[in-house]
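Next up: the structures, one after another.
Two complexes come next, and they have one chain in common, subunit A, joined by subunit B in the first and subunit C in the second.
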Partner chain A sequence: MNWKRVFKSTEFYVAVVLLLLCMAVQIKSGQFFTGNNLVDITRAFSIPAMFCIGEMFVIITGGVDVSFPAIASMSMFIVCSEMEHMTSNPLAFFVVAMFIGLAIGLINGFIIAKFRFPALIVTLGTSSICFGIMQGVFKSREYPLCAPLYELGQTKLFSVTNSVSGLTSDMPIGVILMILLIFAGWFILNKTMLGRGIYAIGGDVKAAQRAGFNVFGILMFIYAFSGCMAGLIGVLRSTMLLAVHPNNLEGLEMTVIAACVLGGVRMAGGKGTVLGALLGMALLTIVDNSLILLDISTTWQKVFTGAIIIIGTAASALQAKRDERKLTVKLNEGGK
Partner chain B sequence: MSDYIIKATNIKKYFGGVKALDGVNLEIKKGEIHCLAGENGCGKSTIINIISGFYTPDEGIIEIDGQQYDHMTPQLAIASGIQVIYQDLSLFPNLTVRENLALNMEVAAGRKFVNKKRMNSIAEAAVAKLGLDIDLDETVENLTFGMRQMIAISRALLNDAKLIIMDEPTTALTKREVKTLFKLIKQLQGQGIAVLFVSHKLDEVFEIAECFTIFRNGKNVATGNTKDLNQDKFTFYMTGREIVSTRFEYTAENAPVVLEVKNLSLANGFKDVSFELKKGEIVGITGLLGSGRTELAETLFGYHAAESGDIIIDGKKVNIQSIKDGIANGIGYLPSDRVTEGLFLAQPISDNISIEKWSDYSNVLGAVNRKKVDDMTRQWAKELSIMLHDIHDDVGTLSGGNQQKCVLAKWLALDLKVLILNGPTVGVDIGAKFDIYELVKRLAKQGLTVIIISDDLPEVLTNCNRVMVMQSGRLAATLSTQGLEESRLAELAN
Partner chain C sequence: METLKGFIDKDKNLARLLIVFVVVFAICAVLKGSLFLSVSNFQSMGKQFPEFGLLAIAMAFTLFTAGIDLSVVAIANLCAVLMAKVLPTLITPDTAASQATMMILLACCMAVMVGVLCGALNGFLIGVIGITPILATLGTQALFMGCAIVMTNGSTLGGLPKQLSAGINSNVAGIPVTILIFAVFAVFSAYIMSRTTIGYKLRMLGTSEKASTFSGFSNVKLYITNYVLSGLLSAVAGIIMLGRFNSAKADYGASYVMEAILIAVLGGVDPYGGKGNMKGVIVAIIIVQMISSWLNMYEGISNFYRQIIWGALLIFVLIYNYIVNEREKKKAMKG
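And then the complex of A and B:
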């Protein structure tokens, strides 16, 4: 391991800030490193963290996907409202939602990869269409969760009770899915040629083409993957809330993108690690969840989140700017 | 077996109705260093793309090592030992040296998973070919252009190359890097590899190539030994016109001093620089990259604020802290990178030329009078003979030479006292180059003082009456160009 490179990485700085924040909360409240708080944070972290994996794939290729909350919401709402009386197998709900998400993802991927349209605009369009279909065709509204998914949602890995406050927190079963998805994301990016292709496209599309990478196929894959995972995460989310909230995820795309950038994923493409994106998301989640432990009113949450995003991204942008125009002439100090 | 690695005969290629290649021939012997020259749009890139299999010719025969084909495919070209080093190098800036060297082979082998060990052995084999000493874990974007080029060449050598095509490889290199590259090309030749060297710099062609082929408008105009070539012939073949370059004669020896610089210093830029420029002089500044020449120009223009020393214009001491101050004091600057620093490529020609005049052309509400803008643009386009279809086209649609003229026009529209040109003819065709030289000389005759910063010593010698040499941030020498030998100047500049 090259420690010099580790110390220079964004991941290192985000990890340090994260650690300092945790310590601060612990010192102030004594409640951070308690079992039930950690479970609560993991619970809040799991859904956005899963979205981060799909999103970072897209950003590394130089694109951006803002449609996943809409895809997740629509797939989730369709299966929950239409399949209620068809099956009692919770797995079926997940599979169908994943297929719906996959279909939208393929549409995104096809338009972006084939015509090289800007990904932001294309996914903005599909996002609007998905929300529109959900509202217009399926008359979306808050809805009780059907029995098979409700049962699944009540299953927990384990529970932790805080001895001081007496509060109990359950670790949802979905955490297993999160761990699997994180591992899959890490494996694809680092251990497969597909992953190298994702980085190669973000570095230089033309060079990737000349090198023989199937650029069209890789772009199709990442948007399809993002869509498919959105379908899965949408249903998973409903089991964690134990209700169908069609508009609950709206706006999450910005938090997820911000977390990726905060963790060192380069918006222009080509750079980023799973660890970085997750650290970025963890930082945002902990700020969100821990302000209350610091006796700061939750109404200030958004201000802190915004400030962290700006400071975090500005720090790395400033670093890049400084490197760019440094004067480097070695002067002959001795005179003529 | 044939003596020729490649023989392309009567190649024709049309794009839509436009003839890109009109029956050209290109023959390269095994192990030969061959130069392909021609102005922009002459068909150089088209023939490269045909040989490397990216374009299919409409007519013609390609013979590789005695084997005849009516067209190539990228796979076939690589299998036949043909490798192209593109101008942009086709590297992945975000990946490590190791990955850049190994990825292409791994993709070609249809690998599904990353194998660090195998990639490492490929990368080590590649650097061993050239004996490069480099950290394989370094990210490519942190390397100099010269080093990146070496990586691209090493990668090309992995596939048992017999012919390496280098598309204008010296454009982005420093003098020293060019020397290293030439040594390397000779080394490749020693291994029996032929090199097709695309360039339009005559001194380079003389130095490295044995044979040459020149294209003009999609046709062969000359082929032969570089020994039989000279500057005038070379220019004529490329442009199709007789260009007589006249040496700049400065006659107004008693003219007043326009710009005086006294003990000017900038941290990590230059130190104790003093000189005087008279009205109507053209003065060259040369020196290695990193000698402080660009920093000096940028300080006069106001991009950097000098730490100490005086800038005196027309006998009055002025305070230049920002670009705004520089322009207000009559100083214009044509940056070395016109694309990123001098022009808005995706904006109309008219707006690019007139931008510095907008405050004069706008009313109280800030609305710009388009008629004045258009009139002014037409006038300057005529004056500088800028070749354009419509003044409202994006400036990015013009050729390099015409883009450079637009940057010039922008400055000439102001009432300048001193115009600083940093590498004014880099990436500019020979024909447009001479147009720019003639224009600069004409402007000097009209009383403008010009500074030309350049690596190109013949350019400095023919167009300037004096030349200043910078070294390690110091002004090392100031010489009259009268009777100055190029070799003497080269000695001083290095």
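And then the complex of A and C:
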């Protein structure tokens, strides 16, 4: 293992900051490294972390997808409100939601891959359409969760009780799905030709094309993947909340993008690791969670999120500038 | 006839938009007749569009340099919240009328200053530090909105002096004051964009950052100017929103970001930078407002359908512009 490279990576710095933060919270409140707090954090971490995988693929190719909360909310609301009396198999809900998500993802992918429009603007458009369909056509509202999904949501892996406060936290089974998805993301990026193609497109689209990658196909795949997973995660989210909250995910796209970038996924494309994105998400989740433990009013939450995004992205932007300067100097010296 | 042809050739985009404008107007007038053509309808339209119109112009400035400003609505709300915090302490019911007007103007100046500072922060992060515009304004959007939430505790601030909303909602010679404010800033923006060297330099920056650097322009200064303009326009939009709603909240107008992008793109501003002008954007603002008012006249169409229509329209316009551009490119190749 090349230690010098490890020390220079963004992931390393994020991990150090994360560790320091955990320590600080532990010293201040004494509640951080308790079983139930860790379970609570994992619970809060699981949904955004799953979104991170899909978003990461998109950002590595140089795009950005802001439509996944809308896709997740819409497919979740449609299956939960329309399929209630049709089936008692929870799996069916997931499959249909995934197909709805897949359809929207394919539309995103087609428009972006075919015309090469800025992905932000296109996905903003589809996001508006999805929320509109959910609220207008299906008249979304708070809705009780149907029985099969409710039962699924109540099953838990294990639960932990805090001996001091007496609070109990359950580990939802959704965590297994999260681990599977993270593994799938890692596998695709690192062990398949598709993953190479994703990095190649982010580095330079034309070069990727010349190298023989099917750019259209790969772009279609990543947006379709993001949409399909959004459908799945939407339903999973409802089982974890034990109710259908149609507007609950709005605004999550910002947190997820910020987490990816904090973890070293470069917005211009071509760079990023699964570990980095997850560390970034963990950092944001723990900041959110710790405000409560540190007795800071939750009204400050947005200020902290904004500040972290700005400081984190500023750090990586400055680093990129320095690297570029180094490279130019080297090239100039080489020329002499 | 010659002059008309010259006009169309000179600015095809604007000519196309004017045709769309006439068509939309005709459709609305035919389908909703007297209801659409009434004076009160035009007055209410005039009261509605200035706030998101100004935000659209702000957005157009940033799209013009191949950037984007996601924080426009957050800046507008922050300024409105600040004013709503300050004004009730300055003006009590027994303050003299002339003094109250002074105070309100002073508060407006303060709000605009804050908007300029917010914009300068965006420009600094993008120009000096080198963060991509999407991320920088995403961060500041959360930051500004967060500040507004902290100041309001997440609730709605009311209890504003009557003079403010009375002033903003009044008419001068039958024309709403908000339109006059909008007109001043719209003309100002159009002037900067097409008649000054700043506008020319911004166009250069949007076309190619490298070309701009090698032409000896200071990109840092240009980015800051660009985002300061956007912040200033957002602040003015915030003041209008404050007057119209007679209250301030951290998350008013959440759909305006999307609408602002739609209008700028519809107005012919290329999101890849360097193309478009303010005249097109201004026509687009009026087109969107007409469609919106017209949809409002159907009771069966809920607000949510508008979201679907705006989203679909945005993507449609993008594709349409793309096809037109490709065709023109081909023509140019042949010629």
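Throughout what follows, the second predicted complex is superposed on the first by the 321 of 336 C-alpha atoms of A that agree within 3 Å, B and C clash if a C-alpha of one lies under 4 Å from a C-alpha of the other, contacts with A are read in each partner's own complex, and residues count from 1 in each chain.
By definition in this document, contacts are C-beta pairs under 8 Å (C-beta built on N, C-alpha and C of every residue); 3 or more make two chains touch, one makes a residue touch a chain.
Because the structure is predicted, anything quoted here is derived from the model rather than measured.
Looking at the shared chain after the overlay, A:L91 reaches neither subunit B nor subunit C. In the superposition on chain A, A:F115 makes contact with subunit C only, not with subunit B.
In the overlay built on the shared chain, the residue A:L124 is in contact with subunit C alone; subunit B does not reach it. Residue contacts after overlaying the shared chain place A:M193 against subunit B, while subunit C stays out of touching range.
When the two complexes are overlaid on their common chain A, residue A:L241 makes contact with neither subunit B nor subunit C. Once chain A of one complex is fitted onto chain A of the other, the partner contacts of A:I257 are limited to subunit C, with no touch recorded for subunit B.
Applying the stated contact rule after C-alpha superposition, one finds that A:I176 touches neither subunit B nor subunit C. Overlap of the subunit B and subunit C interfaces on subunit A: none, as no residue is touched by both. Of all the residues in subunit A, the ones that touch subunit C in their complex are 64, 111, 115, 117-118, 120-122, 124-129, 131-133, 135-136, 254, 257-258, 261, 267-268, 299-307, 309-310, 313-314, 317-318, 320-321.
Of all the residues in subunit B, the ones that touch subunit A in their complex are 74, 86, 88-95, 99, 103-104, 106-108, 111-114, 137, 266-272, 290-292, 295, 304, 471-474, 476. Remark: subunit A residues 2, 5, 190-197, 199-200, 202-204, 206-208, 210-213, 266, 269-271, 326-333, 335-336 touch subunit B in the complex.
By the touch rule above, subunit C contacts subunit A in their complex via residues 68, 125, 129-132, 134-136, 138-147, 149-150, 153-154, 255, 257-258, 261-262, 265, 271-272, 302-312, 314-315, 318-319, 322.
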